[in-house]
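Consider the two complexes below, in which subunit A is the common component and subunit B and subunit C are the respective partners.
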Partner chain A sequence: MKFDSIIIGGGIAGYTAGLRSLEAGLKTAIISNGQSALHFSSGSIDLLSHTPTGKAIRNPAAIFDKFTNEFPLHPYSKVGKQTVFESLNWYKNILTTAGIPLLQQEDGDNHLRITPLGTLKSTWLSQPYIHQLPMRLNEHTIKRIVVVQIDDFRDFNAKMVTDNLVQIPEFEGVEITHTSVAIDGFSGLKRNACELRSIDIARILTNESEIKALATKLKTIATQDDLVVIPAITGNGKGLSVLNKLHALTQLTFHEVPTMPPSMLGIRLEETMIDLFIKAGGMLLKGDQVTHGDIAKDNNSSNDELSLKRIYTRNLESMPLTADNYIFASGSFFNKGLIAQHDKLQEPVFNLDMNSNQARSTWYNPQFFAPNSQPFLSLGIKTNHNFNPMLAGKVITNLFCAGSNLGGYDPIAEGCGSGVAISTGYHAVNHLLQNTKHNQSQHLTSDSLV
Partner chain B sequence: MAKVTRFNTEVLIIGGGATGTSIMRDCALRGITCILLDKGDIASGTTGRNHGLLHSGARYAVTDGESARECIQENKILKHIASHCIEDTSGLFITLPEDDLDFQSTFIDACASAGIDTQRLTAQQALDLEPNVNPSLIGAVKVPDGTLDPFRLCASNVLDAKSHGAQLLTYSMVQSFIRIGDRIIGAKCINTRTNEQFEVYAQEVINAAGIWGKNICHYADLNVQMLPAKGSLLVFEHRINDLVINRCRKPADADILVPGDSISLIGTTSEEIDYKDIDSLKISEKEVNILIEEGGKLAPILAQTRILRAYAGVRPLVDIGGGDGRNISRGIVLLDHEQRDGLAGFSSILGGKLMTSRLMAEMTTDLIANKLGNATQCSTHLKPLPGSITSNKSKTKKTVFTTKAATHRHGETAVATFDQSTKGKSIVCECEMVSVGEIEYAIKQLDVTNLVDLRRRTRLGMGSCQGELCTYRASSLFCDFGNCSGYESSKLLMQFFEERWKGIKPVLFGDALREAEFTYWLYEGLFGASAINQLGEKQQDKDYYEI
Partner chain C sequence: MDLVSTRFEKCIKCTICTVYCPVAKANPDYPGPKESGPDGERLRIKSPEYYDEALKLCTNCKRCETACPSNVNVGDIIAVARGKFEKKKLNPKLVRDYILSHTDLFGSLSTPLAPLVNKITDSPIIKTIMDKTVAIDKHKSLPKYAFGSFRNWYKKQADTQMQFKRQVSYFHGCYVNYNNPQLGKDLIKVLNAMNIGVKLLKKEKCCGVPLIANGFHDKARKNAQFNVKHMTDAVEQFNTPILSTSSTCALTLKQEYPHVLNVDNSKISSKLDFITSFLLREFMNGNMPTLKPVNKTIVYHTPCHLERSGLAIFTIELLRTIPGLKVIVLNSECCGSAGTYGFKKENYEVSMKIGQGLFEQIKQANADFAITDCETCKWQIEENSDLETIHPVTLLAQCLSD
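Take a look at the complex of A and B:
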């Protein structure tokens, strides 16, 4: 099978690249091996919340130039300010059009979200039922917070949220309580309701009468002045429609927090992107995995450069797939995009060069929740300024890396995982288009010579 | 001055390992009142940091006949009194092509003179019994080895002792002894969780603190030389072997592979360490590599099996004349300090092994009972522990998985008291089948104060997910059953992951790294856990990155 572009990896970077590639009119395929990190993500888009040196960032746009000067090897510095913000606006627009509005502060500041532990974390774009607290927290306008416990649901602990929130000095004077609500549909189940996961509840809550019953109960425990913190237990193919209904019925201000996996907030993003990709004519090979590829000398290049000729997948063993360009968004260790052996790091599909060859004792910090995060999060594939990876030092010109298989940044400590995924996925397509134009113009030149 | 809580008892036992808890039970069964103190949880020292091997004694038969005889004697007793802590798996001593096959006969003869049954097997017979054993073996000897769950053994000792009036004080540390002339009459102590100080007055104080016993002796101005020898082990995700596998040669590094519930363990290395390092054991890359390499010789499948974590313990050897950690007899050292040093009211029970803990307790309690004028005979070798008393009819009863797992862990009597409601029966830890009811029981009845204690009592979080999801669910149960605030339960969660991290760091590659990345994404990326440590601090402008 022949494509213009093939994207390896079905996470946020892969789908961004896939959608952007389709938009550019290219025949596009995504090869996705199962669930992505979106299944345990906040469903908010982090742009940049901290520098690699641990300083908190209020307004990413305002400090961006200073940041790229100071940290020239960070993926954002390679992508450039204009493309970073262009890509995030583009992402925001397509998701909003598809029914998942992503909202931000008017002044471009980050905002704080309340986490499932009752701590605060900074992010940039959030879904509508995420309450955006200002970065200058003392400017918040909250009067009362009611944290809702769903009876028997063990993957969210309202007491923990409440008891931690009350310790935040800026919430002094805010009444913070938790209360428990039963979901009627639990009683008729064959399963033990105490073992239900968020996605099981989301299935129950697609039923109109369940939504109405829940709305009635919520109205008795909170008023319109309150911020109602609820676990994210709706979605599952329905996007935001269930929450929209709950809101219409109660007029309450909700703040959704993700639960233990699966995170319905992340699943909403993934389902929307898959839907958009298929509707726009993309070919999705779900549940398949790229095993290896043929890499040879790049005939278009005068330098000692390489080109990826074809790739092989587990399911289509004898039928290699070919494309002009490939985007490699295979994820990090958890997704098996990177492999750590006891004596070395490895990229398992193409054996690409890695950004570190240091001993494994350098991969971690003594403390798990160390203030300076974990070094293994910054390990990844080594790339040039166009995000082309290398094989034994030789650049592969038609392969572009995107997302968390890249090295040189810490998606968690810097609060930039989804931002890097979107901007590098988007950026990869820009480069791939340049490659395509370059090839086309070469064809034209040779034609005109005849 | 604040009033200091004062306890009075006949015997104060310091150290809640296998020896200390066995003494506690022995005293209680003889009607001697006692209080047991441990600076941490029960079984949190060396007791919980070894193979969990029910030795037949065969390992020591050639080099240390006395230990071998003690082992086989206790082996038989434990099978009777602690059947719920034991899997009677049998063990193989295999001879590989590079080993001397002649050693087999020496080994079998030595076993015979120690009273250990052996059965010589052909390579094929060994493979039929244990398909994962190295197929290149040239011979094997079957012995009555098994597995012994040290956590369960200690918990049962405590449970039985408490039901006979004994008292347990965990997270309680001795700060100094109270003396009148040449007699110790008690100890000043502190609760390390609440910082509350208290005093225990006792007629006899027993130092059963294992390797930490040297420090305890220091408090009494006595000198005992101990030789800390670190032994490291690796835990594998699956149960690879059903029989214990040993090498049929003189004891060496990494030559015992033990099955334990759903996992297998390879160990140990042996390395002398400084006494000052006994509380901060580090497992080196080299040790991990040795364990993987040598373990692969016992069962080649280890090379493809995921490593869950590593851990290390310190052998509590008493230095009675130098040598490296392995050549010293693991003999029992009972010191009557009145006789030895002229200090009355104080004894130390040192050395020994998990296998001989009951025997050590019997010897110590005999000594103490004599001093107290108590003539009751020891009965710990005759009376089964609470979890071992089972009726016959239950064996045929159809039970759910959680009940089955919990019955193994706590015995039938305890499980019958678990909350049987839908909520009580719901599963919290899917890897080890731990229910809400079992956790409630552990928190309320088994002195569980945090998630690490809970892991030791129930195995929650010991399985392949290493507690990633279930500990969050379990942490909320500390609010329900342990009077914890939400803040405290989130601290428990973080404490659990920090503790777990110690064992994961040495093996942070392959799937262990994948799992750690997932845990970090979830708890730090999604949940913002590290901010718990800064809760209560106001935002500061200086922390911001501005132009």
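Take a look at the complex of A and C:
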């Protein structure tokens, strides 16, 4: 079966590429092996919080040119400043129009958000009920923080959050307390309490009377001057509307923190992207997996270059899928986009070249929580300046890598995972449009999806 | 082979399956696939006493497997555990489960008397009595039977079908045989227009899926062995592909036989094909009948089992080959019927809650009709959205130039 572009991988990079490809009028398919790592994410979009050398960044735009000069092999340096910011704005606009507003600081600064551990982390775009603290933390205006424990819910610990928050010097003088409330339908579940997750509460909170009851209880423990920290327990398709109702009933300022998986905040992003993709006519192969592909000499290339002819999937068996161009957004180790064998790193679908052949002992830092993170996070597929990968040194011209299977950056320590995913997915479509034979008929418009 | 083995070890306990479980979404008392499947399996290996009766709330829709990022066959683990540990209690519900699940027995009894049977099962008094006695929900209409089975009709066609040089075998299933022979006739019309003749297996029984869902695993296994034998005979004798028009029969023959019933189908597995997959390949190879343009808008609903098989792409692309047809693909959601599940009084409310999202999507789409590959989805959609729902093959048959 023939498509203009096929995207391998249904995570944030894959859906970005898929949506952008549909916008360009291309016949597009996404092959997704189960739901993505967004289900484990904060649901905020990180752009760049630290340099690879560990320096905190307040305003990514301000230092971007310096950054690309200093780290020319970083994916951002290959994408370029203009496309990085264009792609993030595009992402923000389509999600906002689709009902998940993504907000940022007006001056383009990063902002800090309170994490489930009661620490602070810097990010770029956040959902409406993430309270954005300024990077210059001493300028915050918080008077009191109330951390809310939900009775019988073990995936969030209000006391730990409180204990950590009070240690932040800039919060000296801020009263920080924690208290618990019960959600009747949730506490009434006759199930093993160890097995209750955020999704179970989210389902109870689709019930109007439970929302009202919770609102009444919240009003007794906090006032409009407080910042009310609650675990992210609304979702299941209507997460934001439930929060909007809670807000309307209480007038409280909420700050949602992601819980142990599944993360309601991340699910909102994934659900929205899937919905947009299907409504715009994209073909989604859910629960399928690319097993291998046929790679041969590229007849259009005078150099010794390769091209991906067709791919095969687990469900479609002998029926291959073909496309002019392919985007490879298969994820990192966690998503099985990269595999760590005992003696080598491997990309399991096409056996692409990796950015490091060093011994296993160099992949990790024996100190798990070392401040400079773990070297394996920077390992990944080796690509050229266009993000084309290589097979035994030969470039595959119609395959573009995007997202966390790429090597050369550290999504955690640099706080840039979702930014790299969005910008490389977006950038890949720009490149394949240059490749594609019928690109004269396509016009990219930012509003054709919305 | 020990089917339970340790397949659950790939589970990382992320709970994503439970997020996408239609039953857990509608019924908070259901522990969800993670707990019922891989988690429970760890315990059940220790002692069968850990078996939880809540597992019978699972509809076997397999959406947990489609959602799982670690490729754990969550639904299979639950189905196998039910087959192994579920205890049958002798009560009116057992009678009902027996009637609902033995589709070919009751089909063969009912088709000769169809007008009468349909009238009886449709009467409000009988519905109320069935509701009160055997707990078949009174809001549901039992499937209508056809007057005369598909097989009976086919006997007169067999000779004509033999004339075609190319042949396929057709596993028609209970629905086509007893409830909707027209779909089988439509299939023959479409394939004949492509110069392909249709054979039936010498004999076939219910694929077994309602039996699995109602806990009659031994009977289901016997049916599976019977069907595999007859399919093997057909392949050995004629070397034809074996096609199915039901997305659920297709999944069962191919995947549930080895995964859930432990019946080896490896000799014929590669010959089994779902109808839209077969047709689209033919179309792509140039064997496409002439189709009249249809200026209609349809909504396409992906049945859970077709989604799990990964074959919805074939139906969607097939529909897109019909000239003039506007195809709206719905974001795939379970319709809530789940075979016999939604007919049961104790499940009716949950079943409606599960389907609500889909019914709303369909109502908003403002289409001329709905298309789906599954018979129970069809009943559920028609009952709850007032939109006529037909099989893609029936649509193709209507588009054939005379």
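By our rule, the second predicted complex is superposed on the first by the 429 of 450 C-alpha atoms of A that agree within 3 Å, B and C clash if a C-alpha of one lies under 4 Å from a C-alpha of the other, contacts with A are read in each partner's own complex, and residues count from 1 in each chain.
We adopt the following convention: a residue touches a chain if its C-beta (ideal position, glycine included) is under 8 Å from a C-beta of that chain, and two chains touch if they have at least 3 such contacts.
Everything quoted here is computed from the prediction, not taken from an experiment.
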### Task
Sticking to the clash and touch definitions up top, decide whether subunit B and subunit C on subunit A clash or fit.
fit
### Task
Answer with first, second, both or neither: which of subunit B and subunit C does A:N236 touch in the superposed model?
second
### Task
Using the touch definition from the top, say if A:F40 reaches subunit B (first), subunit C (second), both or neither.
both
### Contacts of A:L120 with subunit B and subunit C, given as first, second, both or neither
first
### Query
First (subunit B), second (subunit C), both or neither: which does A:N110 touch?
neither
### subunit B or subunit C, by number of subunit A residues touched
B
### Query
So, A:E195: does it touch subunit B (first), subunit C (second), both, or neither?
both
### Query
Between subunit B (first) and subunit C (second), which, if any, makes contact with A:R314: first, second, both or neither?
second
### Message
Quick check for you: in the superposed arrangement, does A:R58 touch first (subunit B), second (subunit C), both or neither?
### Response
first
### Message
Per the contact definition in the header, classify A:D163: touching subunit B only (first), subunit C only (second), both, or neither.
### Response
first
### Message
For A:D152 in the superposed arrangement: first (subunit B), second (subunit C), both or neither?
### Response
first
## Note on the structure
In the superposed arrangement the C-alpha centres of subunit B and subunit C open, at the centre of subunit A, an angle in degrees to the nearest 10 of 90
## Note on the structure
Overlay on A puts the nearest Cα atoms of subunit B and subunit C apart, in Å, by 6
### Query
Do subunit B and subunit C touch any of the same residues on subunit A, and if so, which?
37, 40, 192, 195, 261
### Summary
The answer for subunit B against subunit A in the complex is residues 285, 288-289, 292, 422-423, 425-428, 436, 469, 472-473, 475-476, 479, 485-487, 489-490, 494, 497-498, 500-501, 505, 508-510, 513-514, 516-518, 520-533, 535-539, 543-547
### Summary
subunit A contacts subunit C in the complex at 1, 29, 33-37, 39-40, 185, 189-192, 195, 197, 199-200, 203-204, 236-237, 261-262, 267, 274-275, 278-279, 281, 283, 285-289, 313-317, 319, 335
### Query
Which part of subunit C faces subunit A closely enough to touch in the complex?
14-16, 18-20, 24-25, 28-29, 31, 35, 39, 65-71, 270, 277, 280-281, 284, 307-311, 313, 316-317, 329-332, 357
### Task
Could you please specify the touching residues of subunit A with respect to subunit B in the complex?
37, 40-42, 50-51, 55-58, 62-63, 66-67, 115-121, 136-138, 152, 154-155, 157, 159-164, 167-170, 192-195, 258, 260-261, 263, 332-334, 336, 339-342, 359-361, 363-364, 366-371, 373-374, 376-377, 411-412, 417
